[in-house]
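Here come two complexes built around chain A, the first alongside chain B, the second alongside chain C.
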Partner chain A sequence: MNSKKDNVGQPILSISEVTKHYPIREGALQRVVGHVRAVDGVSFDIFPGKTVGLVGESGCGKSTLGKVVSGLTDPTSGSVSYNFNNQLVSISNLEKNKFKNFRRNCQMVFQDSFASLNPRHLVCDIVGRPLKVYKEVSGYDLVEKVVSLLNQVGLGREHLYRYPHQFSGGQRQRISIARALALNPEIIILDEPTSALDVSVQAQILNLLNEIQKARNLAYLFVTHDLSVVRHMADSLVVMYLGKIAEAGETQAIFAKPYHPYTKALMDAKPSFDEGQNSKAKGLEGVVPDPARPPQGCRFHTRCSLATDKCGWEVDDVVRWLEDTPGMFESLTAVERKSEFSAVLSFSDESSAANLTQEMRSEKLPTSMRKALNQVKINEKNVQIEFEPVEEILLREKDGRHTACIIEPKN
Partner chain B sequence: MWFMQTWIEELLLENKMNERAFDNSHYNGDTAFRVRIRRFGALVGRLCANPTTVIGLIIIGLMMAMAIFAPWITEANVPDPYQMPRDWGAVRKPPGTPGFLLGTTNEGGDVFYGVVWGSRTSLQLSLYVVGSTMIIGTIIGSLAGLLGGWVDEFLMRLVDVFLSIPELIFALAIAAVLGPSFTNIIIALSMVIWVKYARIMRAQVLQVKQNEYVEAAKVIGDTKLNIYLKDILPNAVTPVTVQATLDMGNVVLIGATLSFIGLSEAGIAEWGVLVSEGQAGIASGRWWASTFPGMMIFLWALAFNLVGDGLRDALDPRTEGR
Partner chain C sequence: MMLDTSNQKKFVAKVDDLKVYFNSKRGTVHAVDGISFDVYKGETLGLVGETGCGKSVTGRSFLQLLPIPPGVLVGGSIIYNQQNNSSQRFETGSKPGFPNSRNFEFKKVDLLTLTGEEIRKIRGDSIAMIFQDPGKSLNPTLTIGAQLSEVFLQHRTEEILEMAGLGSEASGAIRRFASQRNRIFDKWLVNLSGNRSTKSRVEKAVADLVAKALSDTQVPNPVKLMDRYPHELSGGMKQRVMIAQALACNPDILIADEPTTALDVTVEARILDLIQELQQRRQTSVVYISHDLSLVRRICDRVAVMYAGRIVEIGTNNEIFKNPRHPYTIGLMKALPSADTARGELLAIPGNVPELINPPQMCRFFSRCAFATDKCKNQDPELEKVTNSHSVACFADVAEISGK
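Entry: the complex of A and B
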């Protein structure tokens, strides 16, 4: 994934084909009726001293992935492997001692600094707690160690005996960072560490994180939705959409020329002060589809402005389109699916069925979707529709980067 | 308890720390121990800012003093001090009679003795019942909230069964089955009241364990027991303490009701029993035998309710300035 692989050596943490599915239960018997596919087959590596930026909209599974990587939750399948003496070992079935070793070396900073600090604990308890858990130091030395940690994040001895609520948001995030640093870890997972902060404070925290990284050769996994932050921080980027990687590669290269339309849309969605530019910008339209029923083919095709007929148009797209078309959706009585790509739609009256057939052949349907239609057949109140089946679109390599888009980027 | 231990450690550390010179001029010499004491002081301050709470605290203080110093206020009855002394030569004496400050009952029982030693029985009753139910309820509620799944389902359906029967009637039924004795009243009340604490505690644990600081503690690698004791329990226990304070009063009220209908031993120095013994004489003008113990029951329940309400306000996170 990283073109500088040879220079950097072995990854410190390797995520391979990780999926995390949450069961949806229904009824009195709590039967499993489906799964929310929060993370659906994601692979990338984290190298020592480097920052990987994990970006995506809310609900794309990036926070879930952060939790899986930190070992807080087990993946449904796939593995997170940690580098023990140049040997990658999966963390999910480690013996106790080795897992403890991993725990010490992989710490986390959370988004909400208010919620991630126990309101009843003093700063010295909070920052000193990891040291107490591993019985590193005690008594007077513990206090001195905590003071030195606080000094490293720009706080001092005078903050030792205060409660979290006595601090500002930025200061609290500094305390969180000090706690994460206490055990001298190799990796820190930063779960949107700055998104709850003012812009000016954000910059301070980001600079602090950069300084610490340089001083300690730390690896970061920076989970965020903010592309401008990631541009400042990350060496490589992983762009996620609906539990899958849309694009991955080096930050500079991706920002210079995004290959995936989703990455481009994310970059364009950034508000601009320049009015003319703002009106030109093509942001993201529509809502994120239900992760329990992700779209076929390319998961982004429902919102993609460049979608072609090969992008995975399916029956669900017709139903979604009907929902947005007033008058027709009300007379739809049943959808009988044969596969994701073929179904029979039943209507309450014949005129609606005829109407749909007509409209589906007309300009009203998006052109690429119309092209993907194999046939539309009317039979009294029923309309049979069939799309060209499309395989799931996988990540492919291009110029040392990875993209999940089938469209060749224009040069 | 673990926090007692840390407090002592901190206190010892404080002396050691003060011997050292600090490089930081901003440092004001605070120590963890002092900060915690100050926080506790602030809580007491907020509690005392409310005049009704102060009244409640004063009443409770007087009652406690009466219970503790009972043997010095009136001479203890031999052999059993919790049994009313009977003086068959002085029945139905009005209040103010020399030797019988608050008068005597039909059977020559000293009402003053009953009022004073009754505070001891009441204190025992409420401490035993509230103490045991609080511990049982907290453990069961925590287990249900932490483990979830079928354990939670089973425990909460059990709690539902208990809650479906009115408190007083359920306690009455249990006490009647067990037979008339004061110990049985304690057992009956404990069996009825624990469910309240289990309910409160479960809801609290479910809420508190969602907090990110619990996850942060997991990332550090702390043990499950430590996470429960340090993160979940201290942040979940506030409503339980408020409920316990309120119940300290309510338990005596229900206990007195049970004693009144004869579910404790006859002749015991207990306010409910005294009210019951005296009520026959009210129609004939002998008001004192049931009025004074009745007033004590009223004051006891009132005082703990006042303090409980005050405690709820003082412990409210919105007033804690965070």
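Entry: the complex of A and C
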């Protein structure tokens, strides 16, 4: 911890190509039939004294990533490296002592303070527990240390011997923060720390977090879905969609001009308070695709308003479209996939198959999707569909910002 | 959207000095302590405030959904003004097959004093509610179709029978089947061979109504959706089903209790659009309960700000957000993180919401207020008019505060 000042130029935590897949098990033998790709190849660095904001919709993998980063779960592949005395060491294969060292330097504050504080323990025990575990102080000093921690978060000696239920939501969140600060960590992972709080209390907590950060040169990973909070708090921003980074870069720059359509959509969906009355909020059509079978090309193309024929339209899109069209999905009997982009759809009767081929050539299908179609062939009850195959869309760098979109941002 | 309420002060509901207390071990909690406001026809009234300020209790008391006991209705009234032009619906009120049916006139009624049977006819029919968490408020054991058909079976029996081509000559058992008032042998009776075809006709009619209600909320393929269970749907889709259910009977008042808090922002915007569109088409009044100021600013015509069981400020959207007069309202807006506030310099309101157990006769915002005087300590401010539509409950010099 004495090396804090030396490594300003170096990241304190480096996340490289982290993936986390959860197996889906089925049947009596609990065989693995697939994987939910919660996090799928994410890389970024966290620097001391800086805040990285991690935003995205629910189910995009942001909380899972928070857990991987803090070492609560192991990544499926990729690594999280922590800066031990100017050396980045992966945390997954650390020896016990070093891992303990990492744990004390990387703390977490959770969203739900009801669930994360033990209701049977006194505040004194909750905040003092890390100190006891790491044998920092004991006895009378322990109480004094806890009091000083409580003072830092705006609570006092009178709160020492109370139970969590005796506090309000904001105060409980303060207790969580005091516990996280107990071991003087270098990085704190804040998993939606204010989303359960009221605005007036949220402002208190955000101010408190900023104060502590300045005083201790802490690094934060701020996981949230609230863009106005992240705009206020974060130096750099990582926008996730369906397990991948859609856009990353400086917060100011991204808010000034979002490159990725998804980032833009997020901002349009929640105009900030200043923009005032009658500012129109625009939402997104459709739902997030199943993370067990994410699209091959761009993961956002199913909901993107700017999608082109190169964005990776595939067989699943046709099936999804069929599902929403009355009368068609019922007669679909089988989908035989050759790849993500080519398949044979079998129908129970010939008229449905003919109907589909006709509709696929008509205006009903999104134009970009129709353009991406290589061929639609009808063979009695079967329809063969082939899309133009595309490569996975990777993050590209432009003026220090990373965007995963094939469309060039307009100036 | 902006309805000129000044020349047609036609309220659909008038809340007058509503007081709801809760008995607890430590004393009486004054959850809602004397609030009054009107809901005008076709408007959206926002009810904003922090957790525990009594906004949900207010919303729920419209439909007698409060747990009583421990809750106690201490006083006040909610007068509901039945809009005559829009409804032939209560003609069915005294038809046979309705047990206990009386010829009560729905001109102006006090919702708080209605009996269980009477409020049941209003619930979901002329006053409906959308709840916060669609996952919790849909029954997981029933299909979407079955849940939605309940509304119609309860409130639209005659219409269903007519659609099924039965009219008034329907037998007692079928009529009871179509209004969900089955008696012991009815299940067996409707399944008799003579009744089976009429039964299926009734079922078909209900299914048609449900499908129409669902398609109004822009769900893709509503017929297929009816066979699904709530857990198969996404959050946004579930909320759409809730909205379909709430708006199924063309209510006069829709009470939306934080309908989008559990949803993602991208979905939220679409749900709000949907509510607004349906509201405009049907001239429904919406009471929108929320803690999200930016959202309320976007969609509401009038706004009531609540604090600790009281309304501290009420006015039109512009009056509240452009010219706030109460220190609490001002504080709330300053506490929102915006683009130009420097980091760590949010103006938080110090302290916490006071406990509402036997509160003393003083301004409830006193302990957190920057403009508090001795007068605030000894007297409880009442709502006083600033303009015709704008009222504030504060002693302080409002002009001085809003200058800051």
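Everything that follows uses one rule, which is that the second predicted complex is superposed on the first by the 392 of 411 C-alpha atoms of A that agree within 3 Å, B and C clash if a C-alpha of one lies under 4 Å from a C-alpha of the other, contacts with A are read in each partner's own complex, and residues count from 1 in each chain.
Simple rule for what comes next: a contact is a pair of C-beta atoms (placed from the backbone, for glycine too) under 8 Å apart; a residue touches a chain by one contact, two chains touch by 3 or more.
For clarity, every value in this text was computed on a predicted model and none was experimentally measured.
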{"item": "Clash or fit (per the criteria above) of chain B with chain C on chain A", "value": "fit"}
{"item": "First, second, both or neither for A:287, with chain B first and chain C second", "value": "second"}
{"item": "Chain B versus chain C as contact partner of A:122, first or second or both or neither", "value": "first"}
{"item": "Partner, of chain C and chain B, that touches more residues belonging to chain A", "value": "C"}
{"item": "Chain B versus chain C as contact partner of A:358, first or second or both or neither", "value": "neither"}
{"item": "Contacts of A:130 with chain B and chain C, given as first, second, both or neither", "value": "first"}
{"item": "Vertex chain A angle, Cα centres of chain C and chain B, expressed to the nearest 10 degrees", "value": "70"}
{"item": "Which superposed partner A:203 touches (first chain B, second chain C, both, neither)", "value": "second"}
{"item": "Contacts of A:339 with chain B and chain C, given as first, second, both or neither", "value": "neither"}
{"item": "Which of chain B and chain C A:58 touches, first, second, both or neither", "value": "second"}
{"item": "Partner chain(s) touched by A:329 [first = chain B, second = chain C, both, neither]", "value": "second"}
{"item": "Three-chain overlay, closest Cα atoms of chain B and chain C, distance in Å", "value": "9"}
{"item": "Complex contact set, residues of chain A against chain C", "value": "57-58, 168-171, 198-204, 206-207, 210-211, 214, 225, 227-229, 231-233, 255, 265-266, 268-274, 276-279, 281-285, 287-288, 323-326, 329-330"}
{"item": "Contact footprint of chain A on chain C as seen in their complex", "value": "50-51, 220-221, 223-224, 234-237, 264-273, 291, 293-294, 297-298, 317-318, 321, 331-333, 335-339, 341, 343-350, 352-353"}
{"item": "Residues on chain A engaged by chain B in the complex (per definition of touch)", "value": "70, 72, 100, 103-104, 106-108, 110, 112, 115-122, 124-125, 129-130, 133-134, 139-140, 143, 156-158, 160-165, 176, 179, 183"}
{"item": "Of chain B, residues touching chain A in the complex", "value": "9, 13, 16-17, 22-24, 26-28, 30-32, 34-36, 39, 211-213, 215-223, 226, 230-231, 234-235, 317, 321-322"}
